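Take a look at these structures.
Note that subunit A is present in both complexes that follow, paired respectively with subunit B and with subunit C.
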Partner chain A sequence: MKYVILAFIGLVVAPLAGGLLAGIDRRITARLQSRQGPPIRQALYDVLKLFGKEGLALNKWQIICAWVYLIAAALACTLFFLQSDLLLIFFVQAVGAVFLVMGAMAGRSPYSQVGAQRELIQVLTYEPLLVLVFVCMYLAAGSFNISDILAVESPLLAQLPLAYIVLTYILTIKLRKSPFDFSTSHHGHQELVKGVLTEYSGPYLALTEVAHWYETVLLLGVCALFWTTNWLWMAVLLMATYFLELVIDNTMARMTWRWMLKYVWGIGLAMSVVNLIWLYAG
Partner chain B sequence: MSNLLSILILLPVLSALACYIVRSGAVRRLVVTVTGGVLSVASVALLLRGSFEAWSPGTLFGLSWDLIITVLDFALLGVILYYGFKLKSLFIQIFTLAQIVLLSVFEFIIVEHVAVPAFRADNLSLIMVLIVSIIGSLICIFGLPYMNRHEKHLNLQKTKQPEFFFYLVIFLGAMNGLVLANNILWLYFFFEVTSLCSFRLIGHDGTKVAVANATRALWMNSFGGLGFVVGMMLAYNAVETLSIAALLTAGPQGALALTGVALICFAGFVKAAQVPFQSWLLGAMVAPTPVSALLHSSTMVKAGVYIVLRLAPAYQGTLLSDTIAICGAFTFVACAALAIGQSNGKKILAYSTISNLGLIVACAGLNTPLAITAAIMLIIFHAVSKSLLFLCVGTIEQEIGSRDIEDMRGLYERMPRTSFLAITGVLTMLLPPFGVLLGKWMAIEAAAGSIWVIIMLALGSALTVVYWARWGGGMMGSRKPGQPSESLPLLINLPLMLLCIGAVGLSAATPAIYANLIQPMLSSAALAVNTTTGSLGAFAVYGLYIALGLGLFVAFRAGRRAPVLRKVGPYMGGANLGEDGSFNGPMNQPVAFGAGNLYLSELFGEQKLTMWVNIAGAALLVLMIGGGL
Partner chain C sequence: MFKSLIKNSRAKSPWIMHFDCGSCNGCDIEVLACLTPLYDVERFGVVNVGNPKHADVLLVTGTVNHRNKKVLKNLYDQMPEPKAVIAIGACGATGGVFRDAYNVVGGVDKVIPVDVYVPGCPAKPEAIIDGVVEGLKKFQQKVEQAG
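On to the complex of A and B.
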């Protein structure tokens, strides 16, 4: 029974929470920019509206890829709530990431092709760091299994402060926030239109949007694993992290992929290695 | 037993001779197909018989087989030396002469010729026999129609196919011998046969480039062979037996013996084209597709990793083991990075092969039961998926006249069947729940305890995603409703389909493969792997399979809606003009559009990276061999 409830949370509650979070995100961003902002449920309304639109696609591969993206993201999120293996979750979410890119490459559209290439570089940037963060968690908790990680006695954050900073970099890239938003170029009518998402439209765009909510919840869930001993502190950690993301998003300019690859790999690898050495020595 | 072994090793030799002597195409077709079928059945039969400890053939016309192998060994070195002089390659001459001298000293002075069982098979050998016999046979069969088209394309006056199939088929026998051998001298003999065969096959087309690349392959492998001879002498010096089984049970035996083992592993590294020796395998791409498929997926390079993996107990827990892991992991990440800078499809496959072999070597070096399991899984699944991809690229190349992945953009429109198979091949190399990824997952889990290896594995695995996703996505494309599919000859279609089914279906059998084949072998190491959690969790595999399978089913059903949707062109920020890929631009002029891949050549270009990779690779190799002393 416990597992049914957990699966339900992962499959149904998580995307709704992700949608609300997207609404809150827009609201706070608007306030940071001295605007009123839309209602909190706006993101949900938008997706519902998209589902009602006429389906348009360049070819069948695009439709298939949008669906696989959604299913993989949902599966990864559900596995997370079922307290499965971190590496397994990592690989399942990678299925989604790969199919999103492949769908964008399936058409002849230059905008979405360039977006896909840039998205691949984003994947290239965050993937190794995410693996290393998971390895740090493994060394600290003794297992890749979330159920074991939940059983630790003191918050992982104490042992893994640097790994957590690396995780915030990953979060920024994965949420496609500035300065790392060049695969979609956050707003339409910029150099890439909507980059990797340009050719997804109507219900298929809605699918990718829902998948993105799943991913957001999944990543915040990973952040939450760093403080599992106390609910209150976990909530504070998550809120502080997400607020930090918003501030970064609103204060940074979009950079180039060269800068991202060199900067994030440099900083991220250095921090992961230092944290790993602490763990090995400890 | 004796019958099965003779079929697996000697039948290919006889068939090869038949192909060579009877120069008729129909006979060749029959001989190769039947040999392939018989080999496959025999390999399965051998598997069902199970592992065996020792078996030696009797005598042939009153001569002992040991003597025959010795004579053949020197004859083989003589042939290689002859090619060394013919090609005026100083390297080949020196390395081969040194081998002849050292081998004579070893055979006639050092070794006391006591009877040692010639063959022995544990499950690793049996798995290798399966891979060689089944996948190798499929590739040979694929080669029949392929070579006809190939020669038509080259406008040859006189067919060179008898020689081609002679070496191709004999290769299978040599590989079977290699993986079953227990007497290290026999292993060495088969090792050298594969070197010679690959040399002849790479140079088959006889062009200037082909000859140059074949020469390079031969000198590098002769160098490896020299390492093998020296390593064999050092190891014999310590354990005083020619039996590999005895060498393995003895375990690590002091510095000198360990250096010997390191040198034999070095020979394996050369054969598996680990950096800095990757260039011979890249050069092998000039050969016709069946050759590159055979060299890469199931035979030559797998012989290299097999040797390293076979010797794993002999260096367990030593510094050598750690350095082997680091060398392998370095090859994994370096070649994955080099693959990103490539647009030549075959070169991407080549780099990906070397990179995956690096991962297997790294697993052998990690040397825990989980890591060894990962290595064997990777050997199996990589062989299936990679041979599928090679054969697909070969088929595509014959159709579109290019092996550049930029020219394969939207290939689905022209070759829906082949590109679908190729995309499936790409996915099985990259994503769960397929076997290659399960192997990678185990490898990462096993490497979590060693910091440098895990960092390189993390980087390499991300780099891998880039070049595969880019290629797979690029091949997807639009098709008009009702457009006819392409037609392929039966003998091309059949191997492709079988390999594709194998690549997808075998992954579902991972828990069974583990429980029946790998675990019994590891139990002697007294360290069983916990199968209920982690990467070997049977539920994880089956559950994943079902969940992702259902997902794919839903996705494809949704995809079937595509034809009823209103037809649209890509968004170009202006009115599209027809379907030829142009839009109405400024001044009402049509502007053509298109997009290419980002190859990040300023970071991952071949010219930029190769030198540094080679230097680092060579340094690591020296560290590996010297570290034993």
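On to the complex of A and C.
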């Protein structure tokens, strides 16, 4: 019974929460720009509307890729709530990320092609770091299993402060926020129109959007694992992290992928290795 | 239930694509003014997208000429149904002050069907917002008639 409830939370509640979070995100962003902003449920309206639109797909591949992306993201999120293995979750979500890129490559539009290449580079940037963060968690908690990580006595954040900072970099890349928003720009009036998402339209765009909500919740879930001993502090940690993301998004310019690769790998690898050595020596 | 949810959402999330079809730029500036903090059309869920495949509403400013009528038709055809077209300004409606020029075809409705005309030279941002709201009502009706 417990597993059924957990699976339900992962499969149904998580994307709804992700959708609301996307709405809150837009609202706060608007306020930071001294605008009124859309209602909180705006992201849900957008996706529902997209489902009601005519399905114009380029070819079968694009449809398959959109579905696989959604299923992989939903599966990874559900596995997370079922307290499964972190490595397994990592590989499942990686499959989804790659299929999004393949779907974008199915079209010949230069925007989606360039967007797909950039998205691939983003995946290349954060995947090794994510593995390193998981390894740090393994060394600190003694297991890749989420149920074991939940059982630790003191918050992981105390042992893994640097790994958490690396995780926020990953979160920024995954949420496609400035300065790392070059594979799909949030506002479609820039050089790349909508990047990887340019060729997805109507219901297929809606699928990728829902998959994105799953991924957001999954990553925030991983952030939450850093403070599992106290619910209140976990909530504070998550809210502070997300607010920081928004402030970064609104104060940063868009950078290039070369800069991202150099900067995130340089700092990210250094910080996670230092944290690993610290754990090992300490 | 799902159907009615979708129907309600439609009016709440009009994504707009703006096409400058040879306008003098007066109307374009007014369209973009709608996005500024003063008018902030995102309040109504309006997003200014640059991609016809994501758009619900096509805002056209300016006159149509022999060069860009193909582009206008192409953009319109790329938008998935249901969709609405709004012609902005005197130029969009009839050709305006450029009506008699040798290269001008006329208003937007010479090339694609137009749902709403927003008058003015240039049209005021308030009028444009009203036009979008009116356009949404139109396409709600269209969807209902289609079943």
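Following the convention adopted for this analysis, the second predicted complex is superposed on the first by the 282 of 282 C-alpha atoms of A that agree within 3 Å, B and C clash if a C-alpha of one lies under 4 Å from a C-alpha of the other, contacts with A are read in each partner's own complex, and residues count from 1 in each chain.
By definition in this document, a contact is a pair of C-beta atoms (placed from the backbone, for glycine too) under 8 Å apart; a residue touches a chain by one contact, two chains touch by 3 or more.
Keep in mind it's a predicted model, so treat the numbers as computed, not measured.
A.B. asks: Please indicate which partner A:113 is in contact with in the superposed arrangement: first for subunit B, second for subunit C, both, or neither.
C.D. replies: In the superposition, A:113 contacts subunit B only.
A.B. asks: According to the stated criteria, A:26 is in contact with first (subunit B), second (subunit C), both, or neither; which is it?
C.D. replies: second
A.B. asks: Now for A:36: first (subunit B), second (subunit C), both, or neither, which partner does it touch?
C.D. replies: Second partner only.
A.B. asks: Contacts for A:225 in the overlay, against subunit B (first) and subunit C (second): which applies, first, second, both or neither?
C.D. replies: After superposition on chain A, A:225 lies in contact with neither partner.
A.B. asks: By the touch definition at the top of the document, which applies to A:71: first (subunit B), second (subunit C), both, or neither?
C.D. replies: Only subunit B; A:71 stays clear of subunit C.
A.B. asks: Figure out whether A:152 sits in contact with subunit B (first) or subunit C (second), or with both, or with neither.
C.D. replies: neither
A.B. asks: Quick check on the output: what are the common subunit A residues between the subunit B footprint and the subunit C footprint?
C.D. replies: 54-56, 193, 198-199
A.B. asks: Okay, in this complex, where on subunit A does subunit B touch?
C.D. replies: 54-61, 63-65, 67-68, 71-72, 75, 84-85, 87-88, 91-92, 94-95, 97-98, 101-114, 116-118, 120-121, 123-124, 127-129, 131-132, 135, 138-139, 143-145, 193, 198-199, 258, 261, 269, 272-273, 276-277, 280
A.B. asks: Where on subunit A is subunit C touching in the complex?
C.D. replies: Residue positions touching the partner: 26, 30, 33-39, 42, 44-46, 48-49, 51-56, 187-190, 193-194, 198-202, 205.
A.B. asks: Tell me, which parts of subunit B touch subunit A in their complex?
C.D. replies: 409-410, 412, 430-432, 437, 441, 444-445, 448, 451, 454-455, 457-459, 461-463, 465-466, 468-470, 472-474, 476-479, 533-535, 537, 540, 544, 547-548, 551-552, 554-556, 558-563, 565-566, 568-573, 581, 593-595, 597-598, 600, 602-603
A.B. asks: For the complex, which residues does subunit C have touching subunit A?
C.D. replies: 5-10, 12-13, 15, 37, 40, 42-45, 47-51, 53-54, 56, 80-82
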